[in-house]
Structures are given as C-alpha cells and as structure tokens.
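Presented sequentially are two complexes of chain A, the first with chain B as partner and the second with chain C.
After this line comes the complex of A and B, so read on.
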C-alpha cells in the first residue's frame, strides 16, 4: 500500500510537470507575428534595440564606437550591443533565445548560418523597408549578397565581410628572386623553392592556411567545381575528380614541406604568428587579418589574388546582419540598420578602421575608403577580387554538411587517409543529410 | 482513518516534497524531454517545422562509423584514466600514509592540481605539449630522447589527454586513499607482525581488503566521470585530429547547432550505457567489497 502510494505520488508529480510544460510549449509553438508590414506603432519615449554580435577585441571596440555614434546622432532609439562570443556561439545562443522568446531585435549571423535561420522563418523580410531608406538593394556589391536572399525574401545584409586572400612575404620572395605566384603551378614551384630544411626538420615553409573548409572550397571553385550540385541532392566536386585534384595538390605540397597544415585548435592565430615571424613565406588567410599582420610584420608585406587553377575564384565569409521577425520595434531596428548601411559614420567608418570589405558601391567610392586604399593598397586587393566571388556551398543543411567536410579534411590532412575513400564517405553522408 | 493517522501517512511526502519538485523539474522532466526530443528531427526555432521521425535518429547513430569511433575513444580514455589513476594514487597513498611533516607537504603539493580549474590546467598543458616550442619536447630533446607530436598526431593525442586527466585527478584520490589507510586499525597490523607476515602479504591480505570500500567508490565515481569527459577534449583538441579524441559527450555537443534530435538520441544512448555500467558495478563488485 505504502509503495503504491509513493509511486502514485511520484507519477502524479511528473505528469503534472509534464502537462504544465506541455501547455507552455503549445503557446510557444504558435508562429510568431511575421506580418510584412514594417509600419508599426512605436511606443512613446526612447526605444531600446538589442543587437547581438560576434566581434570581440579591437574590432569589437570599433563596433561599439559605431553604436555610440548612432545613439548620439538621435534621441529616439537606444541600441545596446552585446558581444556573444564566436560566430558559432552566437548562432547557438540565438537559436536558444528564439526558442525561449528572448531573442534580440537585430543579430549578426555568420553568412553560412543565414539560410538555416531563414528556413525556420525567424528572420524578417527586409525588402519592404527599402522603400523609404537611403539605400537601395541594387547598391550592394553582388558578390557579397549570395547569402542574403532566401525564397525571394531579403533576410540579411552584409556587415563585416571578408574573403580569403594570398598574403605574401615579398622580402623572402625577392631574396630568392621569385615572383608572386598567379597560378597553382607557380604557387607549387615558388612554395617548394622557399623551403628551408635542417636535416629532416623544416625550418621554413612555403605556404600555410588555417584549418578551415574555406580554403579547400576556394580551390574547388578555382578548378571550376561547385560544392553542391545544382539540384542540392549531392556534392558536385567529388565524382568529377576535382576534389581529388585539390587534396592531392595539397598533400603533395605537404609531403615536401612546402605546405604547413596547422593543428585544428587555434589554427588561425598559429598561422598568423608563423607568417608574421617569417617562418612561412605565403599564407591563404582572411582579409580580416591584414590589419594585425601589417602592424607586426617587419618585412615587405603584400597581398594578392588567390592563385587560379582554371579560373580565379574566391568564396566569401564574415558576418551578415538580420532583423528578427519576433522584434517588437522593427521600425526602430530598421532605423539603426539604415544608419549602418548608408551613413558615413555607420559601417563605412567601421570598415575603414577594421579592414573588412566595403559592401556598397557608395562606400567603395567614398573618400575615406579611397584614401585608405591609396595609403594601403593591400586592402584594395580583396575588394578587386570580389569580381570573382562565388559561393557554392549555400544550403540550409550546410552547417551539418560542414561537419562532415571537416571530418574528410582531417582524415586526409592529418592522417594521410586515402583521398578517394575519405571523399566517398563524405559524399555518402552528405547525400544522407540532403535527402532528409 | 482519523485525521492524525492521515497526517502520519502524508507527512513524509510533504517533507520530501520540495526536494522532489526540484528533482522532478531539473532531473526527471529534462530526462523525459530528452527522450521526447530524440524521436524528432527537431527544429529548435520553429517547432511547427519539427518532424516526428520515430527511431530514425537511433538507427542512424548505430549505423555511423564516427559514433563507434567516439564510443571506442571513450572506453579507451576511461580505461586509461581509471587504471592509471587508481594504480598511481594507491602507490602514492601507501608512500604518504605515515603522518610526518614532509608527507603532509608532499600531499598538499599533489593535491594542488585538483583545486585549479581544469580549463587552466588544459591550457597550460596545451602549451607545454606544443611540438616545436613546447616544454615537454624541449626536455625530451635535452635528454636525447625521441620527441612526440603530442596532441597534434592522431596516434598520441589520446595518450596526451589521458596524461593531463590523470595528473589532475591523482591528488584528490590519493587524499581519499590516505584517509582510508589511516583508518585501518593498527591492532590488525600488530597481529600480522606477530605472525611474521611478509610486507607483500600484509598489503594483499589486510590493507587491500580493508580499503576496498574506498577503492570501489573511486572505481565507480571515476568510471562514470571519465565517461562524461568533455572539458579537456574541448579545450585541447576539439575532438581531433581526425576524431582521435572525440568522446561521447563531445560528440553530442558537436551536434548542438545542427541537429538537436540526433544529439538527444546520442544523449539517451550515453545515459543507457552509464546506467548499465552502474548496475554491473553494483551487482558484481559489491560482493567482493569487504566491510568490517
């Protein structure tokens, strides 16, 4: 009897809790107000807009300064910027916040995650807002808008955008009487000639790049390959042999000591340090690191286009900015976004300070940016390279596929796994994910 | 039933009520919710888009190479950490069991790693294990020994993580064992000495059985704890290189953004494994534990 009663009491308790939580879910589950009407009643007084971003360190300070400039420029809207960690961490937090109904009004989203959020219908369509704004959709540089539309909706705009680029220690190349490589063949030759060995130990490498999917993807599109096929049912670059070529090329260079492939943790900082301290002559790395390297390098530092195989090509990266559909102050939020996109004191100033890419033609032609490019031509290279920007890894399932692609990269680059076999496993997993 | 009697019956439940509500809210509810999640292709942001997939997530888990890889890694890690820590802390405990001032100082020293955050510990070891500039390879080179790639090769990465975990754990378990050794009544040793028993025999026949409850406790706590290893992996290797150090919990974690349902299913599998382990331990080992 006693036992029965205790079991009953426990069950009752659990069921009660479950039922309570179940009810809650249902109310949460109803789709939020996704009306496309930007005109909304604004409450009296000052409106506070929450803005989540992923910029820490110096770039975070530049962004905070921009937010401050906006807050001081008018007295209706107060923007509160919050640093939420890396791109991945911000995405995870944003997912949870949306689920718990505590999402911010505006958020920076790494461009590859945009599709995932857009698919869940939590991002506001920005098209209607352009009507009475200082920017037009056509003002934006095409190469950077690849991740901005989803199902004909404009769900995000560029914020801090970058591309990979070739960083060159010109002093080292000059000493060896070598030219900056323009093709894969030249790159291989130059990188191998710059290797310095002591016994079996490599003292100086020719080329390096961070551990990331970005660089193999760049090389795939340089070989006229695409990441996903057009129907988005499988990957494109494996069956036509392009994947094998790319990784074989990297492996050949790695085996002769021409390529240093860094360990996965903290790889970006490791390669930057090696490059700045003259341990490697060339590096594939984001435009975002130009500022830092220029400060540290004691040698003649240049940037160039990523070398071409069949064609010049580069993927894009960095963060976009999106408005959450759940925001209660959309008009005020847009006021801030409009400021960022069009005001010379907005992102334009931030870009001059940080070194990210200008993303509207007006910005690129503005005097501060032109002056900067005249002074530091290194920063212009990336903007010019945008002509060849192409993103072929766009899909809502990309974050999940990325996981599998990393596994293949690790197997090949760290463990000398058979390239064909690794790419086959990768293709199989990708097809499974895309088939869901 | 009189009112007094009813209250008599109800009182215990009222008393444990607050605790039970806490447990229900933070343990039992999440547990059921985890199982519920594992049956869906779950869309965290828009629940209407979640799709019920039944046992698909489980079928996928059991069919995937990388899951077995991380399971094997976890078992290797657990076996390595538990055996090494137990052996080393027992050895040190026997050495430190005499109450002298030097021993107290040494014991405090060995215990220190335990009070340092595992994050700091991992970061410092990460630094020391750097192959070309790190302290460990510098020492090895100086002694004319072959150097290791430590965390950067899939062959030695797991070993490196185990070393760090053991180094951090030894002090705490030594402390428990020293206390256990000092708790053994000296009269038993005196009796053994009168019988001219050898040191090895005393250790095997008297010391070990008498501290077996503590050994058993350490074994369970460590096995379960090691199965849930996360922080060292997250900080030192990120599961790599090439999944060489990807353990179960890290495996679950790596799906947090992309596939909550799959991660939940993996969580349920982990829970089942730990449950089975605990039951086996209690059933089999309890018989061999010697209580005074």
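After this line comes the complex of A and C, so read on.
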C-alpha cells in the first residue's frame, strides 16, 4: 500500500512539472516571440535590438513613440524597448543580466552609474562609430558630457538629461514686491519674507526641495567646492568648511520656517504638489518637472538659475545611453543610436514632447525647439544654465558613497544632528569606501 | 445591568468601526482617486467623492501598455502555481502527518529550513540558472521556483495531524486505497486549511513585484504588477489617478477570490464537524 502511495506521489510531481511545461509552450506560442527568435539568428533578416530604459508613464510613451518612428523609418533593424523599473532597478538588472549573458544591446543608465559600468569594461567605446554618423562628438553640449568619457573612451551619450533649477511662483513674489533671488543672501531674505504663519503653524513656506543628494551637491559647487578631492581619496568639501556652510544655511532656513524639507518617501511628488498648489513660493527641483507644473499652475510660473553663492553652478542628472560591449549587433545598435542623436524624429522630438534638455547645438538651434522656447521661456532658462553645469561626484564608488551622503543628510535635516559630527562620520565612511 | 451592557455594546461597535475604517480607508481612497481628474487628486482639502467620476481613467490605464498580456501572464502564473503547489503539498503533508518512515524528521526539518530562507538570498543563483537554461523569455522562472510551498506543507501537516486516525483506519478497512483516502477524506476535511493556503499563495503571487521584476526582461512575460509600476513617472508629476485605476484593476481579482474563499472556509467549518 505504501509503495502504491509513493508511486502516486511521484506521479503528482511529474504532473506538476508537465503542467508547468504546458504553460511554457503557451507563452512561446505567442506570435511576438516566434517572430523575434529567428531574426536574431539570421544575419540577413531583420536584426532585433534590445533597448532597456527607465522611463515609465507619459515619458515612457514618448520614448516608445520614438522607437516606433525609428522602426518605421527603415526595414533592417527592429528595436524593442523595454521598461526595466527605476534607474536603480535598471542598473541592478543590468548588472545581473551582464553576468548571466542576457544583457540587452543598448541600455539607459543613470549618468552617475555610468562610471561603475565603464570600469567593469562592459560598455562599448563609441568613438570609432562617429566616423559614419550624422553627428560629431563636438556637437554635444559640454556640460552634459561629464559622465560620458572614462579612461579616454567614450562610453555613453546623453539621452534624457535634466538639471536642478529654481522654480518660482512669480505671482507670490510680485504680491510681496520681491525680486527673483540671484544669490544665496537674496534667497534667504526672499524665502523668509514669503513665510506665512498662523500662530506657530507655517501656512506658507518660502523654499523647498526634494530629499536628494543633488541639491546639497549643487550648493557645494556654488560655493566653489568639489564633492570628491582630485585624487579621489576623500571628500573635498568637508575640511574646507564648505559642507558646514551649506548645511548651516539650510538649517537656518528650516528653523525659521523658510525652508520646508519634505519627508523622504515620494519627496519629489510632495514638493511638486506643494508648489503647484501654492503652499510654497520657490522650489529647487529638476527641469524634468517643468512640463507637469506648467500644466498645473494657476499662477505666473517662472524658472530661474539656481542662486549663486560664489559662482553659479548646477550638477546634471537624468539618463545616458550606452551600448553594451557584449552586443552581437553593434552596427545595428549604432544605427539606432545615430538616429536618436541626429534625426529630427529621434530624441529631438522626444525632448520637445517630454521637456528634457536638448544636448546638441543642432537640436537647440532646430526650429521645433526654438518654437518651444518662444512659447515656454522656462525651458530655455534650463538650457542656458547648462553653461554652469559641473559634476564633481564622479567616481566608480559613487553609488556606495551616495548612501552614506544620504545618511548624513538624514541626520542633519531630520534629526537635527550636529553638522560637523555628521560630516566627519560621512568623511570617514567615504574614505573607507574609496580606500577599498 | 442592562444599561451597563448597552455601554459595552456601544464601545464595542465604535471600536469595530474604527478598526474597520482604518483597514478600509486606503481602499476607498484608492477607488476615489482612480475616479478623479489629475487636478482633483492634488486638491487640498482632498475630495473624498469625485466631482464627476472619470471612468475613462480605467481605459487610459489599460491602454497605456499591453495589459491583456500582463493580465494573461498574471493569471497563468498564479493559477499554475496554486495548482502545482496543491498537488505537491497535499501528498507531502499527508505523508509527514500520517506515516512513519526512515528520515522523516530530517526531511521535515529540511522543509522547515526551506520555509525560512528568504527569496532575496536565492534569486541571483536562480536567475543565473534560469538564464543558463534559456528560460528567461518564458513564464517558467516565475513558476518553477514555487512548485512547492514549505509554509503550506507545514500548515497542512498540522491540520492533517488533527484528523483522527480512526477515520483513516475505517476507510482502510473498507478497502479504500491511499489515494482515495487522501482525496475523499483528507482533502474535504481540511478545506479551511486548503483554502487558507491557496488564498495566501494567490495573494502573494498575484501581488508579487520583486520576483517577476528580477526574473523577466521583456513585456511578453511580465505580470500586471510590473505593468502598473510602469504607470509611474520616473521624474516629474505622477498621474496618481491613472496609477490608482491600475491598482483597482489589480486588486479586484483578489477581492473576488477572497469572497469565494471566505465562504468556503465557513462552509468547511460547518461541514467537517471539527471545532
């Protein structure tokens, strides 16, 4: 009897596996899959290029539309764009896929992660490809190429780039008879004057910014500081006192109610909504938000350069695009990248729709972009600010250091921890990471 | 005395309503947001009842990607996982509960260990293995690792152990084979446990975001959870009304299954005569 039973148990197991296999056949039977598989094996047929990106929502739809325009413009290459989650998730998936040999041909990589992949030598050097291309390396806006070269190799090109910028509720400033601030001192004064309090409760704040490393880094650069020292052995901005100045400035404003520092989760959305609904007069936020706010705002909405301390400066952000060295269809992959960079129907159109920054001079001078700027001068300000773009947090260890920097920001901004002590701890941790 | 009772009844009711509200509020909030316009979602104070219900939000959400494919994948994965798990769990739990065999305790300890290892530990080797087998473009990486459910085996075994030996003995005397005993006696008598395990399994696989995110890299094999996360903006203002419409669609099957299962649980309690 027991034997009988064990046979049954075994049968169940086999059945289970069979059931699973049955499902596999179903999925493989979908027309999309069958049409794609053989194409990769036959070089004469249509070549399929896998393109991983991090754009969801409306921007994802704009990007899909661009991919479609490319696929319809010729019949040799078929690009399949796939959303892989946030920048961080895409980057993690890419690491995993590279080691499993399932990596795509082209991938969007958040600019700060490019160095890490480049050091692992998994990104193709794009320099040779510029020979047969409609775009020159010198066409690209310099401020956005900071993360593109690694060890003299050109490992990535800009795709959806943005910078922080000052968003201003001009109506509020006008009502109070105030000018848009150009320096830190002016910013502090204006922000404080715009605060509306009822008893102890702040009803309206002067300034806000998302919980991110971007904004303190911008302020470090504005004070002529650098994030890492030149030898990349430590941070630069702590020992010379710049870090203390930056955070003291923020803390002073936070204490008077002039600065609203948002909770961590979803801070970007929170500050956007507060700004759009008139709960705060000014905001440091990505240029990527201009389109959404313009749609929402019922007031006179303007953008301006981030105020300067010693100098104007802004870090850059957003995604770059890179070709994987493991790609088996590099020529076809470049054909698509060339289309993105140079064709008016490529990223130029995507940028007009999405509001990211134009990154070649040709794009900036093109009629669609000029028309857009005439209609929405706020976007032009963002492009003009690129003159002051500088990135000083470039290092392969940045993703790891970033977490430590977040911890320091958290301690100072939320827990009122001592600024010097927090930055010292941060420096020590960074030195440990960089020393590895 | 009666007055005293009334007070307690009021306190009891109020507490229940408070707890109920705490649980149901996020759901109502989600449904309300899913029917608002973007402007309305950002209003303060927020509107609870949408001014004009925006049913088109659902169309917007469902047409922003291949949602039919996502839904099909979610269904195939979840249902096959539950069926396979039940087929594996029932005999395993029966053996662990009612048989004495060599190495039983060691084997059961192994099951418990499997139960304690989090997926976050094993996903990289499993991904590499699946990639090596060329299965990444299929649904199998979402099904194969979940063929067995250690928690389910554990729960079912505990339940089977409560079923009196006499019932099984009586069936054996009547010449019922082991398969029949399992299928006609153990399974009907443990419907509450089975329903619980199936419900847990359904919810965790239907809602799973992490595992499919890791195991898939093309839209053809992705489930609904990943499709809905695509509705979020990477930068800029997220369209919360569309995202919530997507979430409502995601939650509805769980509610249906739950309603069905809870009925099952109650009926089984009455039927089996076990307290």
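Going forward, the second predicted complex is superposed on the first by the 394 of 436 C-alpha atoms of A that agree within 3 Å, B and C clash if a C-alpha of one lies under 4 Å from a C-alpha of the other, contacts with A are read in each partner's own complex, and residues count from 1 in each chain.
Going forward, contacts are C-beta pairs under 8 Å (C-beta built on N, C-alpha and C of every residue); 3 or more make two chains touch, one makes a residue touch a chain.
Computed from a predicted structure; not experimentally measured.
Student: Scan A:74 for contacts with chain B and chain C and give back first, second, both or neither.
Tutor: After superposing on A, A:74 lies clear of both chain B and chain C.
Student: With the two complexes superposed on chain A, say which partner A:96 touches: chain B (first), chain C (second), both, or neither.
Tutor: So A:96 meets both chain B and chain C here.
Student: For A:415, select first, second, both or neither according to whether it touches chain B, chain C, the two together, or no partner.
Tutor: First partner only, chain B.
Student: Looking at the overlay, what does A:436 touch: chain B (first), chain C (second), both, or neither?
Tutor: A:436 sits against chain B, while chain C stays out of touch.
Student: Using the superposition on chain A described above, determine whether A:264 touches chain B (first), chain C (second), both, or neither.
Tutor: first
Student: With the two complexes superposed on chain A, say which partner A:400 touches: chain B (first), chain C (second), both, or neither.
Tutor: first
Student: I'd like to know which partner A:48 touches here: chain B for first, chain C for second, both or neither.
Tutor: In the superposition, A:48 contacts neither chain B nor chain C.
Student: For A:288, select first, second, both or neither according to whether it touches chain B, chain C, the two together, or no partner.
Tutor: The second partner, chain C, only.
Student: Looking at chain A, does chain C or chain B touch more of its residues?
Tutor: More residues of chain A are touched by C.
Student: Could you tell me which stretches of chain A are touched by chain B in one complex and by chain C in the other?
Tutor: On chain A, the residues that contact chain B in one structure and chain C in the other are 5, 9, 13, 17, 21, 28, 96, 99.
Student: In the complex of these two chains, what residues of chain B are touching chain A?
Tutor: Touching chain A: residues 9, 13, 20-21, 24-25, 28-29, 32-33, 41, 43-49, 60, 65-66, 126, 151-154, 235-238, 240-243, 254-259 of chain B.
Student: Where on chain C is chain A touching in the complex?
Tutor: Residue positions touching the partner: 38-39, 42-44, 64, 69, 73, 76, 80, 83-84, 87-88, 91-92, 95, 99, 101, 124, 127-128, 131-132, 135-140, 143-144, 147, 177-179, 213-214, 217-221, 226, 229-239.
Student: Give the list of chain A residues in touch with chain B in this complex.
Tutor: Spelled out, the residues of chain A in touch with chain B are 5-6, 9-10, 13-14, 17-18, 21, 25, 28-29, 31, 88, 91-92, 95-96, 98-99, 113, 116-117, 119-122, 263-265, 399-400, 403, 407, 410-411, 414-415, 417, 425, 432, 436.
Student: Along chain A, where are the residues that touch chain C in the complex?
Tutor: 1-2, 4-5, 8-9, 12-13, 15-17, 19-21, 23-24, 26-28, 30, 32-33, 50, 52, 54-61, 80, 82-87, 89, 93, 96-97, 99-102, 104, 162, 268-269, 272-273, 276-277, 279, 286, 288-289, 291-293, 296, 318, 355
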